[in-house]
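Across the two complexes that follow, chain A remains constant while its partner is chain B and subsequently chain C.
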Partner chain A sequence: MVSTRDDDRGQLLLVAAIVVAAAVLGGVVLLNTVHSSPDLSSQTDAQSVINTDRTVDQIENDLRGLFMANAVDENGIRLPYANSRFEAAVDAYNNEYTRLISTNQSAVATVELNASESIDGAVAYANQSSAEFVDDGNEFVVTDADELPRLRIRLDDVSDDLRVRINDSDPLGTPADDIEFEVSDSGGITGDIQCSGADDAPIEIDLVHGAGEVTGDGAYCTVAVEESDWDLDEYNVKFEYGTATNGTYAVSGEDGGPALIDCADPCETGLVNPVFDLTYQNPNVVFSSTFTLYERDDR
Partner chain B sequence: MKRNSRILDDDTRAVSIAITHALTVAITTVLVSGLLISSGTLLKSQEERVGNQQLSEIGSDIVSYIHEFDRLNGTGTEVTATVQPNYPDRIVGSYVYSIELYDDGTVEVRSNRLGQSADFEIDTETDIQGGTVTGGNVEINLCDSPQRITLGGCD
Partner chain C sequence: MREMQHSRGQAYVLEGIVGAVIVVSALLLGLQAVDIAPWTASDERATEDIRTQMGDTLDGAQDTDALRTLATCLARDDEPHPNVASTEGTTTEFGDVLANTTAESFNYRIFLDYNTSSGVKTVGIDTDSPLPNQPTVTVSRQVALYDSDVVRENPSCVPRIGADGEPVTLEEESGGIYLADQDPNSELFAVVRIRVIAW
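Moving on, here comes the complex of A and B:
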């Protein structure tokens, strides 16, 4: 056996071991210093933009409801126009919404009616579903409108056909120049908008600038008049129907065309297409927009 | 037995302190060098991987903002929006980077010192106006008159 007497070689081994240990520890420290997570703190920021989107969407939906809730006729039918109380209603909504939104997040939203950009006009409507569709037979319900922001028809009886003709001349030009669609209990809706399943009453047609939806008894269609067709200098709306055609309608037309808008009685005048200024701000996002309630869609 | 032990105690043949020291130093040097070289390689590859992932994450985040702004632009007219994401000034702790948005709808996040970049193609309804920002000072804008999406402000 090798003697360990007078043996000092262990000192060198110890020094070597310390050097190795120091190198390992240094490497660990270096790794920790240089190591960097690939994950960045972008989650909160992304959420703030999504919140903006959601808030704006919510405000716009609320304004649609507020507009329709503001004007109701004597039979409780909501009409697409606003009276002088609407601006006060928007102010009240603005105050309430700001209070509501600031309770659970660092954000502020403001909504203002832009009176100078908002568009006045008239709404022709029928409010008795049991009565004949329009009192005085086939006639224009709206003439000389600059735009038709909303056209809503509800049919409670389609045993006689109803033809809706929209033309830029009064009297109507050739049928080929019309925007025209027909509702019947045999073929549903045909013509410039189509929904073959809508052949059983009640049938509801709701168009905003020529695009919208049709709902019937067991039928639902999204519909749109061709954008190039829905581009008239002025809009004149005529219903052609038989004596058994019953229902209600509301057709709003914007002023601003070559002649003053005229509509069949009953008719209300007021704000038919309001414009709002929206702003929303949170720590990361500043957003503002001008929102037109019935805007022509980029179809 | 006792006699044999005594013989070995006195036996110094094939024992050299100098050789022992030299061998120890040599082995230690080899071990430490190997450790340092492998650490350097590991760090380098990790740096590249993390740098690439951070560039990709920043780029994809910016793309999602641009798409979100494109959607917001459809909610009204004269829509303006600004977001200032909290991205780090540098990636992997020490490398500056820049973000470039091209008119054709390409987003490039690049670090010249790291020698890496991440490209993203975007397709938006809203027009894109080119712009460049540096890391830590990122601002994404939806501007009006005309409606467009850009980086670094609407001017």
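Moving on, here comes the complex of A and C:
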């Protein structure tokens, strides 16, 4: 009798074990059916992050455009410096942008000019009414700059070579110490930046802290001066040009070096490297950053 | 003996229940393995594809300033030119971008939104597509316009030339075109939104 009872108990234990296993399996099935909720949530989060990334990129691009549009010379050429109206333009952009995006999404963007972090300086530029490439005949267009956030040259005639020399000594020291490149109609651009195809006008060189792009008639190059070379105590920029050299330029230099910045006429002083406080917020993401227009990147 | 048979009967019942549970569980697991998700999620995936591709198209157009042209290219009535998004015949840069990317794949309608003193106004740029018969996505990009931006005209969106022989700017045309200078005291002219509904 005792032995029969033990058999029965064994069978019950087996059944109980199977019940537990079935419960576990059932649990797995049930849990599996609710997997979509966290998945959906992560999709929404990912979409929000993508939207935020894109929106911030777009705002930064708009600010670049607004900065360039802020100062225009008498020939309609946009210059890389900001006058006194720039802060009002940033405020207006902030208001209009938020007013527009808030009509179809729950989002707010705030953009402010950070005046205390922004850097003043000077920008020397070409005046097309002048017969000479540099109006006052001085070959040094910028001297004693702490940094060169933007150097832009457009050449409409390269039948005479243009040599650009940048050094931390004024007058320029030995050629071996220079950051130097030359534009000619025979070899394109050679030296510390190179673009052999850019030998036909118009040629445009646009550098931000020594890195950027060159476009010519049918040529395009991304270029960069070696980072170890683009590391001077102060920057003096000299153009060596011929009588046929023709085009425009805008070279901006930051103040704050060992000596006060100076530049060849025509020259304007003002904000040359603005810094912005940028915040974008939607129900899923809050993004906040400080955006420097011409930031020196590692390369 | 009677007591023992009663216990075994209970065990049989439990075995039957467990057997049923196992069969049902196997059935559920089997069905789960067949994954019916694609049936229910196909629309969502398709719309996400459209959103991504249309977003990339607008980003490409923005990189080449084609979205700025879209907002500043005007017809005779100084409203946005109806040909600015055309992908056939005389095309603009924006039309070319569309023709090379999404025009053959999706239907879309393009609108331009802008602020006025009485709220946001909308003007249709390309609204020829029939009404959507499936889920749609909306992709939009904002464009900041500046006082010195050039006004364009004609189906090919060439610069409008003024009496002095120079291209006319938005600031010079302010008051006569569909957009008003949103901040006359600064270089900012207006912020507009290009909004595309695609399906």
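The rule we apply is simple: the second predicted complex is superposed on the first by the 252 of 299 C-alpha atoms of A that agree within 3 Å, B and C clash if a C-alpha of one lies under 4 Å from a C-alpha of the other, contacts with A are read in each partner's own complex, and residues count from 1 in each chain.
Criterion: a residue touches a chain if its C-beta (ideal position, glycine included) is under 8 Å from a C-beta of that chain, and two chains touch if they have at least 3 such contacts.
The model shown is predicted, which means the values in this text are computed figures rather than measured ones.
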Partner chain(s) touched by A:N70 [first = chain B, second = chain C, both, neither]: second
Partner chain(s) touched by A:A244 [first = chain B, second = chain C, both, neither]: neither
Which of chain B and chain C A:T52 touches, first, second, both or neither: first
Touching partner for A:A115 - first (chain B), second (chain C), both, neither: neither
Contacts of A:L12 with chain B and chain C, given as first, second, both or neither: both
Contacts of A:L260 with chain B and chain C, given as first, second, both or neither: neither
Touching both chain C and chain B, counted on chain A across the two superposed complexes: 1, 5, 12, 19
Chain B residues touching chain A - in the complex, by the definition given at the top: 5, 8-9, 17, 20-21, 24-25, 27-28, 31-32, 35-36, 39, 42-43, 46-47, 49-50, 53-54, 57-58, 61, 64-65, 68-69, 71-72, 74-88, 91-93, 125
Residue ranges of chain C in contact with chain A within the complex: 4, 7-8, 11, 14-15, 18, 21-22, 25, 28-29, 32, 55, 59, 62, 113-115, 120, 138, 140-144, 146-149, 182-183, 185-188, 190-193, 195
Chain C contact footprint on chain A (complex, rising order): 1, 4-5, 8, 11-12, 15, 18-19, 22, 25-26, 29, 32-33, 54, 58, 61-62, 65-66, 69-70, 72, 76, 78, 85-86, 88-89, 91-93, 96-97, 99-101, 103-104
Residues on chain A engaged by chain B in the complex (per definition of touch): 1-3, 5, 9, 12-13, 16, 19-20, 23-24, 27, 30-31, 34-42, 44-46, 48-50, 52-53, 56-57, 60, 278, 284-292, 295, 298
